[in-house]
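The following block contains the structure, expressed as structure tokens.
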Amino acid sequence: MGTKPYKRWQGRLHEIIYEADTPAGKLFDVVLLIVIIASILLVMLESVKSIDAQYHMFLNISEWIITILFTIEYILRIVTVKKPLKYITSFYGIIDLLSTLPKYLSLIFAGTHALVALRALRLLRVFRILKLARFMGASNHLAAAIKSSRAKISVFLFAVVIVATIFGTIMYLVEGEASGFNNIPRSIYWSIVTLTTVGYGDIAPVTPLGQFIASFIMVLGYGIIAVPTGIVSAEYTRKMNKDDAKSATVPNALPPHPSEVDLNSLSCSNCLAQDHKDNAKFCHKCGHSLELQPTK
Amino acid sequence: MGTKPYKRWQGRLHEIIYEADTPAGKLFDVVLLIVIIASILLVMLESVKSIDAQYHMFLNISEWIITILFTIEYILRIVTVKKPLKYITSFYGIIDLLSTLPKYLSLIFAGTHALVALRALRLLRVFRILKLARFMGASNHLAAAIKSSRAKISVFLFAVVIVATIFGTIMYLVEGEASGFNNIPRSIYWSIVTLTTVGYGDIAPVTPLGQFIASFIMVLGYGIIAVPTGIVSAEYTRKMNKDDAKSATVPNALPPHPSEVDLNSLSCSNCLAQDHKDNAKFCHKCGHSLELQPTK
Amino acid sequence: MGTKPYKRWQGRLHEIIYEADTPAGKLFDVVLLIVIIASILLVMLESVKSIDAQYHMFLNISEWIITILFTIEYILRIVTVKKPLKYITSFYGIIDLLSTLPKYLSLIFAGTHALVALRALRLLRVFRILKLARFMGASNHLAAAIKSSRAKISVFLFAVVIVATIFGTIMYLVEGEASGFNNIPRSIYWSIVTLTTVGYGDIAPVTPLGQFIASFIMVLGYGIIAVPTGIVSAEYTRKMNKDDAKSATVPNALPPHPSEVDLNSLSCSNCLAQDHKDNAKFCHKCGHSLELQPTK
Amino acid sequence: MGTKPYKRWQGRLHEIIYEADTPAGKLFDVVLLIVIIASILLVMLESVKSIDAQYHMFLNISEWIITILFTIEYILRIVTVKKPLKYITSFYGIIDLLSTLPKYLSLIFAGTHALVALRALRLLRVFRILKLARFMGASNHLAAAIKSSRAKISVFLFAVVIVATIFGTIMYLVEGEASGFNNIPRSIYWSIVTLTTVGYGDIAPVTPLGQFIASFIMVLGYGIIAVPTGIVSAEYTRKMNKDDAKSATVPNALPPHPSEVDLNSLSCSNCLAQDHKDNAKFCHKCGHSLELQPTK
């Protein structure tokens, strides 16, 4: 009975912090996004020597304000979730902690201050806040195409790494230290720089044989860059074709394919699971109610 | 009654300057294009020290001639349009002003002369003059494909910027100033140089850990370069398939799809709106007559 | 009557030199290809200082032998064609002349010797000799796809050049000479190096604003690299789909589409026109007989 | 009769070493993969001067252990195969020999030690062990697409090499030695670096004409990079479309297409042929039984 009123504001806060579909939740997300961007700009400016020298005090105070805001947000996120440990050990939970800790640690240990820059990782939250997938078209064809090509592209990139290892080793034997191919890891790094057509030029072959093998690697890289691109465009074309075919041949409207159902931005207050359907009333994972806790 | 004869030459000039389908309009556009290219070549040559030293007088006089020509054109564009303010504040209006102003300002302030180079922006007018889209095939499939992929590619590029920010920050922490990663903005610049596979090599990681993370970024960039390409080719394939299907299944000729209707190069003398259908008689936006003002 | 026996060997030689479908013609082409590659290897080796110093005599004599062989071939090509002027002024005619002339000129003028390297242009003949298109699959889908995308890609590349000009000019104003952006042509060169993701790093922005604009150009280049790729793959997919559809729906074998008819390697002895159908008896352009001149 | 029991353990070992579908065979493959990766890490670490200086003894002993393990594996592979010469002269046989020999040779000749790095080639065995193709999706569309585009892409890359040769030669004439274009092979190397958009910047044009030609090469390379990508994505789209069409139009399940039949990882103990169907009892190449040798 004593926990009821406590749960009430908890549920209300959970809605504001974790959801994005209510006006209050939307406002919270927009404010959070602005504070994150401001904090990153601060860290950026501070890393520039000439600016830091002039505005050190202002930057330092601003950073403390933002750190305290982030700390409050972090604590609120913990108290409004039913299973705080799950949040704390989640991907975003760790990032949120990493965003605040270094500033406090800098009071005790000098040098840890630079780690404040890890705050940039909070930008990843943008993907969730903006629900970027929605911007990409009414249906999630692209997301589906990327998802179904992910496995193939991963295997492909794995193959690229193996090829880079073999060519890196060969180039280490051929070029040797004089050309900057000091050791095998460095040669593999060069191989990857070349295969991906980045080509810094910090290390480059100088012997005729090395340049010949390098040319071969480049032409090879030119040929295989075609593969991941081919995969994505083929998968994407297929998803769209299927959709076009469906809407063309079926006269009466069918229920949308699951992958195209609009998902809401809710996360379960019990298990933090996401991707609930827009009209879902219970968590699809743990069965906990997704509704605002009714207050008796 | 006193404005009628005035409007007559105004309408005639409007036709010459703003349209490209009449012989006079075509001639005007071709001459304008040649003068623009000549003016850019002049600016280019002037920027080369050795050439400027030798032909300074010739280049300066030629530039004054072109500046005066552009000024006349600018004034004529204002007087022949019904709503001059709309033209002056339009994209091309500002560019046209920027093309002439710096030369005059150079009489008063030294140093502003270099801004004459902004004249290169006038090249953008080429797209309108040549109606380049027409060259790209009878139908505007490609333009339609680019238009419908634009949103997706923008979101994608936005994601690339976020990824670049995060990796830039991490590399700043890992590499530090010794390797040229002086501050976070510079590290982000390096990240973008790497992710886009440009790879200048002006900044490059030197520590083993930095090179390892850089390799990871490169392989990642290699994988994600596939996405925008996949989007464009899939969208373009789809547009063409639809067209092929239509012409294959429908026995009698249908009226062409709006996106494929040949648009003329007219712009309304009242509101400057463009993209009128070839046989349009009235502006689709403000309803003003597109015909040459009849004179009674 | 006196010209008949003359024409006979002329016709025979024309068959050997210009055709590739008879055993003698094939042999001639293979020998020619080997001699061309040998001549290019010689020029390459000669350009390497250390090798030239040691084997100068051998390289020089070999080059004279090849030059004389090429000269004989050039003369034979002239005498066996009915309209020698047409051959001499044709693309391959000029290349064939450029392959022999510099060596003779080197007897008179010192320094022209290096121009022997122009012989590399003869490699282009490989495309005709090997009829490379044939290797690319039974049907000429790829060639057709490239042909139908050529116009679009050209316009696209033209747009890239305009964008490069504008950004090059802006970067010239922003960066100035200190960073290597000496003049506008050089800045445009840098723009193209960046937009095409080549990224030498010989010129690179150093000011924060310049790096910011450069980042923008890179991300833009990353986005627009998708367009030509999309065009080719869409066109190619379409050509193949059409073919698949045709073979799938039509039960009895249809005569092949003109673009897929096997063309022979003959060129008309009268007007040098090529791309005759395999069983063609008369030139499709001038109506001259393609058969070996009958001897009465 | 005396060879029967000998053959029995031979057959058993063959199963363990050459197959991957039995528990023992799987275990052997996983252990082998771990040892290969460990051996490559050792070689890598040894190539880093600072690490080698500190842990030389440990690295050397570990390498000897792995070399002996590889030697035992190599001998076992020979004795369990019916035609040892076929294995020894096979691609993997040569790589397996190259993985062990240099270490032994280093006892006799100093300097051959570095060749131990050739062991990296053993990574290629990963493709066979992991049967990577399986990861790439239930059906082998991608593999089929790569296979059917291979010929086209090879011809395309061959064309790139010819274009690189021609432009390399031209740039040698235009730029000369001052800019690093010392000789033609080096200029061709630069051409390939540029055409493939790698762009090291170790050699870069400095004359205005050279930069102009380089710009042209870059824009060209930008345009032609589209071709191999287009080929792969078109072929892949087509394979998937065919499959979709088949499953869509045919009501009752058809026997799977041969290219999609699950192949097992067996290799014939007689002729080493691979790619047997999963339920195959006899080698499809030599007719030898694939079953474990029955013992009477």
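To keep things simple, chains are lettered A, B, C and D as they appear, and every chain counts its residues starting from 1.
Everything that follows uses one rule, which is that a contact is a pair of C-beta atoms (placed from the backbone, for glycine too) under 8 Å apart; a residue touches a chain by one contact, two chains touch by 3 or more.
Composition by chain, UniProt nomenclature: A, B, C, D = Ion transporter.
Quantities reported herein were computed from a predicted structural model and do not represent experimental measurements.
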{"item": "Same-site or different-site touching of chain C by its copy chain D, using the half cut", "value": "different"}
{"item": "Fitted rotation between chain A and its twin chain D in degrees, CA, nearest 5", "value": "90"}
{"item": "Between A-C and B-C, the pair joined by more C-beta contacts", "value": "B-C"}
{"item": "Chain at maximum distance from chain B, centres defined as averaged CA atoms", "value": "D"}
{"item": "Centre-to-centre distance between chain C and chain B (centres being mean Cα positions), rounded to whole Å", "value": "33"}
{"item": "Inter-chain centre distance, chain A versus chain C - centres from mean C-alpha coordinates, in Å", "value": "46"}
{"item": "Interface hub residues of chain C, defined as touching at least two other chains", "value": "185, 188, 197-201, 225, 229-231, 233-235, 237, 241"}
{"item": "Touch-based graph of the chains, sorted into line, ring, star, complete or other", "value": "complete"}
{"item": "Partner chain C, residues of chain A touching it in the complex", "value": "197-201, 229-230, 233, 237"}
{"item": "List of chain C residues in touch with chain B within their complex", "value": "151-152, 155, 158-159, 162, 165-166, 168-170, 172-173, 182-185, 188, 194, 197-201, 204, 206, 208, 211-212, 214-215, 218-219, 221-223, 225-227, 229-231, 233-235, 237-238, 241-242"}
{"item": "Contact set on chain D toward chain A in their complex", "value": "40, 43-44, 47-49, 114-115, 117-118, 120-121, 123-124, 126-127, 132, 135-137, 142, 145-146, 149, 153, 156-157, 160-161, 185-186, 188-189, 192-193, 195-202, 225, 228-229, 231-237, 240-241, 244"}
